[in-house]
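Paired with chain B in one complex and with chain C in the other, chain A is shared by the two complexes that follow.
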Partner chain A sequence: MLAKSPTRSSFLAAVLMAGVAMPALADKASGTLDVAFTKELENVDSYFNSSREGVVLQRAIWDGLIYRNPETNEYVGNLATSWEWVDDTTLEFKLREGVTFHNGEPFNADDVVFTVDFVANEENGVKTQRNVNWMDYAEKIDDYTVRIHLKEKFPAAIEFLSGPVSMYPNEYYAEAGPSGMGLKPVGTGPYKMVDVVPGQHFVLEANESYHDSPKGQPEIAKIDIRTIPDVNTQMAELFSGSLDLIWQVPADQANKLAQMDQFTVANESTMRVGYLQMDAAGRSGDTPFTNKLVRQAVNYAINRQELVDALLQGASKVVYTPCFPSQFGCVQDVTEYEYNPEKAKELLAEAGYPDGFTVDFYAYRDRQYAEAITSYLNAVGIKTNFNMLQYSALREINMKGEVPISFQTWGSYSINDASAIVSQFFKHGSLDSARDDEVLEWLNVADSSTDPDTRVDNYAKALNKITEEAYWAPMFTYNTNYVFKDEVSYTPTADEVLRFVDMSWK
Partner chain B sequence: MLTFILKRLGLALLVAFTVSFISFSLLFLSGDPAAALAGETASGEDVEALRRLYGFDRPMLVQYGEWLFSAVRGDFGESYYFKLPVSNLIAERLQVTMILGVCGILFALLTAVPLGVAAAIRPNSLIDRFALFLSVAGQAMPSFWFGLILIVVFAIQLGWLPPSGADTWRHFIMPTIVLGYYAMPAIMRLTRAGMLDVLGSDFIRTARAKGAGETRVLFKHALRNAIIPVVSLAAVQMGFMLGGSIVVESVFALHGAGYLAWESIARNDLPTVQALILVFSMFYIVFTFLADVLNAWLDPRMRSA
Partner chain C sequence: MSDVTDPLAREIEGPSPRQMLKSRAASHKGLIFGMSVVAFLVLVALLAPVLAPHDPYAQSLMKRMVPPVFMGGTWEHPLGTDHLGRDYLSRLIYGARVSLMIGAIAALISGVIGTAMGVAAGYFGGKVDAVVTFLINVRLAMPVVLVALAVVAILGGSLTVVICVLGLLLWDRFAVVMRASTLQISRRDYIAAAQVIGASTPRILLSEIMPNVFNNLIVIVTLEMAHAILLEAALSFLGLGVQPPTPSWGLMVSEGKNMMLFEPWLVLIPGVVLFVLVLAINLMGDGLRDVTAPEGRS
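Right, the complex of A and B next:
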């Protein structure tokens, strides 16, 4: 986009650094925390958006039945006080009593039944079907006991119920629907939304009567969020005192801001993983990537550590597994391809390409990373025709199987379970470029077993085969920078979710 | 005059129709709206479900016919992205863009025309050099850069103006200057050239010879003639400002129609893009039409054209 060229960023930072008199507008006094979003959020209704900004608001406005502590990854009750598996496809919840929605509606089993039945029905068009389509329906046992029936075995249910699945007020939602909910959201969460200008402006106020939730009580009285597309403008607002917190700040700017003493720059990793996808199944025609030696050569050709040190920086880490290390089932003892360009050349020669070959290379984001990656490939003799496409365009040809090799990333929707990435791409779906039957079988077992050990074993088998066959070249995890005024106290978590409830004034 | 207006009007409608059809076909070819709609986290199956739900699997002509039928009745459908009626969305965003566009073109005209006239009266003088410098700088300076410089100086260092947003009139000062400055050089150079041309012509000498005052010569005789191409240019610039203020809107976080168009294209939000293209092309058509009428009024000879 126009807004993100590095030259522009460095330029503004340089100007700002050149001795600027800073007007100190303490927002601590006003009690309002001013925050910027970069992207226009389509709909505040969390079932009808698929963006990071939406997740941030979802965690503030609504609650789930379960809560996962983002530091310990432990599951504790939130709107539910306890839960148990009645059988492989039935979960029973005891609900917390005395909770009310922001509009005064009491929370009980009817709300759970209505929410689950509404979102699980495909016709209602929930945007990210994967978050909800494992649920069949919900059943009220009594006012504070409810069962959720699954379509089939789905052990990641707990993770989803602590993440994207939040509870809506039945009477209000039946009347308002997704568009009404988007304009005037009502939840049980620590913050209530008092003003929405679609895509542009969101104002949250602390929920004074928030229940005794594991999320904790809101400390900052008011959060004012404006959408400011240009990162430079966000920085200008931060300097002029009209913003208190910005996030997703590019590394070069964050480094400069870190040198100034009135801002805190916090860097945390995200669940996003960057990898090369190769057409091992040969869907794009006669491609060298059907040869395992070539795929291994690609893996050896990439200097992952250098990419992390020079480009991604911060909390980013090198990965060899096709998943994020904290995800359940993402075992780390797999085949690792250390940077070894000589070995890569040998393997290419052995595969019958002593002089290398030329291939169409695709990418959709982070052009500078993609270009660095192609230069590693070029160095071992794989010449690349570089194609930068819009996300939807690349996805379309990828689904048709027309892409020999591409630089891809996947954020797993912050789901801390390996199924959110491995099963997404290796179960013979339209984005599966490996189509390995053995992997499919293991993943089927891992995805549906309720025994954690069986799950780990089968993910381990699948991941070992995937890395041994070098279907992908997993490279690094992403990170993000949060910059806020020194008077703000906040410790970001590793899942790229901005939690207003964890923020306070110093 | 009436025949002239009716003729132009018919032509304008034809242009609007053609633009909408061409843009619809191009959008249709440009990518899979279902994939964009589903977002990054969706699976291939999600995309398929959406494709059926929105009817993207039907032939293009059917989809276009359906759109046109609703559009002529003022119904532009619902934005795929915001799930809100496109007409509401555009009406809201257009306000910002209109204010910005009108202020921008006024700023450009009010600075460029006097400077152009002054430069033409004293060619190669200091004021001419100054005007030349301004216009070269205006053409050479990217508007995002100029915008950021203004923000750094007036919002951060001096603290006089808010850096971004659209809440008060003070929010519009910097965007107006940036947008207007971008349009200024062309208007100024055209005014100067036109004035120089006219001032050298016989009827000006005649006017001076019969003893008309210099002010009268300049404004009644010369400017009225020199301004005709400027009116046409300003009309095009105005259309450009209403549809093309994307960079300015982005830098100053003004959520206007230009920025909406830019973002909607990336989101493959077809109903919004389609409606915006129609609105923008209508602007061009209306302004060109108004410029034609205005010119016909300024110069009766053009009425026969």
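Right, the complex of A and C next:
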């Protein structure tokens, strides 16, 4: 319009329209909740992305067989009404009747069999294999009874089935595949996706015929999610009224927003743990970190409490374990390294580095935290060449074992089990920088045992060795700030999942 | 005719060229302003350890983002502190070192490369000229920022890498201008005379040609210095230039960017200083050109 008639009045009209029309969309009256995501989502199909945004959409569009109440951590049936272990590697489910997918397809045992068989097949290339590769195949007993066969004993099965494993419609998925599902997702969940414009926005609408699920019924009629990478832009839109809810807001900005009275700022801890990974196995060549004293010195050099108090703030906590405290098996009775720079210097001197040394330091996110951490290391004599890389680039060189020390974080996919982080990194995989045989043995026992006590005992042994040897320097847990307009009612949960179904207008 | 009191000789007496230069310089406001700002910043950079009130690397997480004095802060930190509680004034002062060092060394490296190529092309002509012209064209076809980004991304950002990359990229203007001016001068009679009396080529280049292209060289040096400083700031802003904790103005702008909405001074202070420095260097360059070659003034 502007290009055709560039007169002053049409320009004015356009400005007025933009100024008036936009905020009017986003409020209680219109029933649309406007939300911002910071990162782009590669594919809405939850099995083919590995990002937090993907988890959020997965919980809205699809359902799992089981649901874990985020408050009580109790498992209840969702698409299944009951389940039992037939033997150590077989789970039998009774399915809920009368559930339909968004496209009208009824949900039954065929959908479960198809979904499990598809995702468990490695050739289909599910992005995070760990989420699905413990399942072997599914077997239909009758229309509403199904058995899932496991490859081997896997005690965390229920947790995974209530998390990343959701049920897809067999007929539609066979036809559309992951890319079709990504553009036009179909599930049984509380919200149905009505529009996907990759890189721009997603529009969700309440599923009017949602079954009687423990997730509850959707209250907000329409949700428009836009991708806005810059946090300053997000805040500007929040002020102007074209956004109702933003999340993952850095602590400094959240504090400022909390001082204005138009917004609710809620802070919740997440399962993400921030730690320093050191090349204890010496994969990157002759590095000082092969010396236990040096690794302990690094642990002593860092003022965890100050990092949490000044930078992370909110619900973040200091951790000494290489796992999140609420995770099953994450015992807290381990070697703790308090902040003691003098002791760190002594240890470095004892290890043969009285004047410290220089090392390449890598990080991929939270530049500010990474800078603060290097500053602590510099203070005890460990000079750092700072390298900030993209996650995928750092992961690649880390897998090749070329990283002497790096600032890493891991969110465990919100799986409340220590295996999701400890076993991910200490079982001699390509990301294992410690390569401790004893730890591997204990973890093998802990991961495959069905007896909770045996599991805890073996995790405890592994964690004690890991902290005693100071393979990592675990530092803190993360938190997320949710900022939303006062007319939105929402209580965030501790697992970093934005639940639209729990939101309503005041 | 040997009488010095000859009326003709007396008539051409007056201010010497050097005196004329001085008086032109003294009345050129841009030059005076530019030179004094640059001289001031060079002094600040040299005396950084004496002038900086705090250690620019000393982190104090409990005193983060203290506002500057004029926004309600205290004289303890006249320009406030940054996102890690480091004194902003001290970082600004040490940052001047980084900016000026990168500007000066990058301009020096590219100046040496560009001048050597340009003078050689202009003086020898023929095949040498063809090769140099080709190289200049190749260089001009490459977008500086893109190449610098790519190289720094591959080699990893550090002070040395940034200086080398910029030094090796910014010689094109030197080569073009030096080639053109040498071409003009090498046809003058005094060059022919020098050749006839048997002066060696290096002697001709150094004592006949160089002094006569020097004015042009100075102007290009200032232009490229400002260019290099801005590029360094851009690279550091994108996280590919000077790496923390080294203070660099571009990096400071980048680090303050996230808090721009609430603490705009974090971006404003280094931004303004950077602007003033680049403006001053450019004014100085323009002024030098006006003063040394007034006929070229447009």
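Please note the rule applied: the second predicted complex is superposed on the first by the 480 of 506 C-alpha atoms of A that agree within 3 Å, B and C clash if a C-alpha of one lies under 4 Å from a C-alpha of the other, contacts with A are read in each partner's own complex, and residues count from 1 in each chain.
Everything below uses one rule, namely that a contact is a pair of C-beta atoms (placed from the backbone, for glycine too) under 8 Å apart; a residue touches a chain by one contact, two chains touch by 3 or more.
In this text the structure is predicted, and so the values were computed from the model without any measurement.
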Partner chain(s) touched by A:Asp252 [first = chain B, second = chain C, both, neither]: second
Most chain A residues touched (candidates chain B, chain C): B
Touching partner for A:Lys127 - first (chain B), second (chain C), both, neither: first
Which superposed partner A:Glu42 touches (first chain B, second chain C, both, neither): first
Partner chain(s) touched by A:Phe386 [first = chain B, second = chain C, both, neither]: second
Contacts of A:Gly180 with chain B and chain C, given as first, second, both or neither: neither
Partner chain in contact with A:Ser240 - chain B first, chain C second, else both or neither: first
Touched partner set for A:Asn232, first chain B, second chain C, both or neither: both
Which of chain B and chain C A:Leu431 touches, first, second, both or neither: first
Residues of chain A at both interfaces, chain B in one complex, chain C in the other: 232, 236
Touch list for chain A against partner chain B, complex: 1-3, 8, 11-12, 15-16, 20-23, 40, 42-43, 48, 50-51, 122, 125, 127-130, 178-179, 182, 198-200, 226-230, 232-233, 236-237, 239-240, 242, 390-393, 395-396, 399, 411, 413, 424, 429-431
Complex interface listing, chain A residues touching chain C: 231-232, 235-236, 250, 252-253, 256, 303, 306-307, 309-311, 367-368, 371-372, 374-376, 378, 385-388
List of chain B residues in touch with chain A within their complex: 30-33, 35-36, 38-47, 49-50, 53, 81-84, 89, 144-145, 148-149, 151-152, 155-157, 159, 162-165, 246-247, 250-253, 255, 259, 262-263, 266, 268
Of chain C, residues touching chain A in the complex: 57, 59, 61-62, 64-65, 83-85, 156, 158, 239, 243-245, 255, 257-262
